[in-house]
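My questions all concern the structure below.
Chains: A, B, C and D, in written order; residue numbering restarts at 1 for each.
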Amino acid sequence: MHILISNDDGVYAPGLAALAKALQKDAKSVCVVAPDRNRSGASNSLTLDRPLEAHTHDSGFISINGTPTDCVHLGVSGLFSAERKPDVVVSGINAGANLGDDVIYSGTVAAAMEGRNCSLPAIAVSLCSFHPKHFETAAEIVRELLQRLESLVLAPRTVLNVNVPDLPLDQIKGIHVTRLGHRFAGEAPVQTQDPRGRTRYWIAGTGEPADSGPGTDFYAVAEGYVSITPLQIDMTHYSGMDNLALWLEEMN
Amino acid sequence: MHILISNDDGVYAPGLAALAKALQKDAKSVCVVAPDRNRSGASNSLTLDRPLEAHTHDSGFISINGTPTDCVHLGVSGLFSAERKPDVVVSGINAGANLGDDVIYSGTVAAAMEGRNCSLPAIAVSLCSFHPKHFETAAEIVRELLQRLESLVLAPRTVLNVNVPDLPLDQIKGIHVTRLGHRFAGEAPVQTQDPRGRTRYWIAGTGEPADSGPGTDFYAVAEGYVSITPLQIDMTHYSGMDNLALWLEEMN
Amino acid sequence: MHILISNDDGVYAPGLAALAKALQKDAKSVCVVAPDRNRSGASNSLTLDRPLEAHTHDSGFISINGTPTDCVHLGVSGLFSAERKPDVVVSGINAGANLGDDVIYSGTVAAAMEGRNCSLPAIAVSLCSFHPKHFETAAEIVRELLQRLESLVLAPRTVLNVNVPDLPLDQIKGIHVTRLGHRFAGEAPVQTQDPRGRTRYWIAGTGEPADSGPGTDFYAVAEGYVSITPLQIDMTHYSGMDNLALWLEEMN
Amino acid sequence: MHILISNDDGVYAPGLAALAKALQKDAKSVCVVAPDRNRSGASNSLTLDRPLEAHTHDSGFISINGTPTDCVHLGVSGLFSAERKPDVVVSGINAGANLGDDVIYSGTVAAAMEGRNCSLPAIAVSLCSFHPKHFETAAEIVRELLQRLESLVLAPRTVLNVNVPDLPLDQIKGIHVTRLGHRFAGEAPVQTQDPRGRTRYWIAGTGEPADSGPGTDFYAVAEGYVSITPLQIDMTHYSGMDNLALWLEEMN
């Protein structure tokens, strides 16, 4: 299996190194293509206004002066010869959770989605803690998932969003399939002044969980389980289409 | 009705001005908060590493040195007093279509999603042409939708993605509710060299439509209809959860 | 005379428009090439890591997604045909003074220096006020200087740095040739915290004048005179060379 | 002696590490504050539109998400307690020459100038080769200069610009005090097209030396000598002031 690894914390992030190290044990090849610096919050942004540059580090990791999506896009279709074309994309290990609405903004999840847009199975993995320690736990979980990946039949255009409690591996209680929970809106932006007296606005932190009961990704992680949520790239709200059509008919 | 308008083409874009002009006819207030420059392809990226600045132009439009998501976030919760808090968010009029997979990368759609994340109804609107001319057509369509918005019952956390053919209003055949189509993967990145001999990679254009038959947004627009797709913010792939759980059981 | 105008406040700045308007009265052609947004403090930075894009506005002004130096570089040697090659570069009118040590950091002065590096006479002009009003005063002063430019013999690789008091033209007392004054070091950076509790440092304002007596640019402007300082691009400190050589001899 | 080291190639550059290693032998303390990524060509640009963040690496080096000038500014006056306030600023070792007109655009030289603006002696050091190898040669030269720095009487507001041939130390012929040479204007920008068919302009390389005879920095390095040029921060062209004043008198 040829594995392409990326992330949004940047090429020097410890979670990236831990993931590459663990996956090298089983893989035919592991290629790492990651942003040259922290691009957390990049979502699925693509760099269209300038050409990107690839820099190969002593570690063999490749950095790109772009977004996580750029990295996977180049890793799948631009940088490597056909015989090293990846079979799967893994994004992470993110330093911090990607739960509920976080997935909309997350560069970690976006990197996996880009893999899926390039027709590859893709996994995003995050370690759930503000000061994460147990990257090797998350790395080992991903390694086990990959070992059995071939037997998994997933709907097309679906990625797996994996969140791992920041615990030693032997304290992980198991793996739960979950739905995304939901956060309250975050706090209002923090108003401040620059030294020249001009008003500035800091986007504040994310909100507290609003829907975090049993069945959600929030709940699983809080209980000490790995959470895996299948995410769909097709955002069509199918069940809402009829109602919308009725409303439009009345309008005409 | 208090309306917040944003976009991803930037505060000087003609589509933004056309939208604001049309909506001012009926609204109690129209506030425009848009990026200070073109941020196409920004997706849902949020600016977390620096505080943002708001600049009020002679036109009354406010520009932010950030992303479309930043603009809506500040427009809903930071910039205005409580009595001007918006009732609805409209994003656009984008100069170019946002069909199928485009919605993942689109800053226009992201601005609407941020409105919804802030608990407001939200509409993204795009004019489908590389050199768009008939912004007033799209503006008029949105105006009509807003006039009847109160009677629309949408599932929570859903936005409307509206794509309008670039035609005079009287040549529009009607409005169709659609699902997102799907594009083939785009072409491989274009390899080039900078003047110092280093290799660079341009992300190439989006792919051709792969799934664009009847029922899709691609089809509706190509046939001369306005396409409206309800998009859900919750990306959980519910119908894939059971299969995934079975697979995991075998693993344990 | 073909005139190339640039600035560092960006293509939408009122000082740029005022300058272009005034110089169009006498010139054979006036071309404006300016940054697409405020690039104050850009100094002589050049954009080497991405190719630049030129956008022509309805006003005829051209904006570049780069620095003031980029703008002049492209304006002199890339954008225009040979018959419109500029004879002189004028940078400004900057909204705020460029006095003393400011010239090191100033994008306005850098744009003029780039003109000189391209072998053209070049003038930087700034209006000395935090909330400048009388752009037409500065514009008129530049126009008069240009009318007589051909009779000025300047040392090679020298630019003129012009600072104008923010007064109506008839209240300007005259023009003084000055040397650069000198500021005290600015205040220490302002320490602050972002909403996630991380320490941040704002570079604070510039220092107060330390050397601002008669003969300096600070003094002339404070007294109501236009200040013109000839600046050299060759930074060699010739008179210090002998002393340095002696010191090195002792070392060997 | 407390030494502050910065550069413009970024915190991960090998020239920075080589310099820090060599200077640690003699110094009371060595603090490294460098940009978080390559900022070549940054000149004296200062970051005024956002607060900066300092990140301490495992190596003890501190990176700033800003320019070389920002780094020195914070290193002198914001980051360290009074007892570790630096006595001298050294910038480099740049991977590539900074000769003649290069100093105007150079972030390496700018970092030294900022040290001098903060009233400290300051040295910029560059290794003259496109693929530099002998960083330890340049490091050793700087170390020797610093050992004797206290006996050097330099004019106020002067920095030393040191360029070292890329040779083993025992092949260096000596040290010459030089004046800045001068380059021809660089080639015209390279016109290219992005994948969406829009014209783009790459700033091309610097020009060939035009004034590179005996006495210049170009000449010394080409002959196998270290070049040291004293640079002045005061850009007033004193000897041109009288001529300019005469010209203005005729105007009135």
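Rule of thumb we're sticking to: contacts are C-beta pairs under 8 Å (C-beta built on N, C-alpha and C of every residue); 3 or more make two chains touch, one makes a residue touch a chain.
Protein identities per chain, from UniProt: A, B, C, D = 5'-nucleotidase SurE.
Treat the numbers as computed from the prediction; the structure is a model and nothing was measured.
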| item | value |
| --- | --- |
| Chain-contact steps, minimal, separating chain D from chain B | 1 |
| Between A-C and A-B, the pair with more C-beta contacts | A-B |
| Same-site or different-site touching of chain A by its copy chain D, using the half cut | same |
| Rounded Å distance, chain A centre to chain D centre (Cα mean) | 40 |
| Length of the line joining the C-alpha centres of chain A and chain B, rounded to whole Å | 22 |
| Approximate Å spacing (C-alpha centroids) for the pair chain A, chain C | 46 |
| Per-residue multi-chain contacts in chain A, two or more chains | 48-49, 51, 53, 65, 190, 192, 194, 196, 202-203 |
| Partner chain D, residues of chain A touching it in the complex | 12, 36-37, 48, 51, 65, 194, 196 |
| Complex contact set, residues of chain A against chain C | 49-51, 53, 65, 187, 190, 192, 194-196, 202-205 |
| Of chain D, residues touching chain C in the complex | 38, 40-49, 51-54, 69-70, 73-74, 77-79, 101, 103-105, 110, 113, 117-119, 144-145, 148, 151-155, 157-158, 160, 174-175, 177, 179-180, 182, 185, 188-192, 194, 198-203, 228-241, 243-245, 247-248, 250-252 |
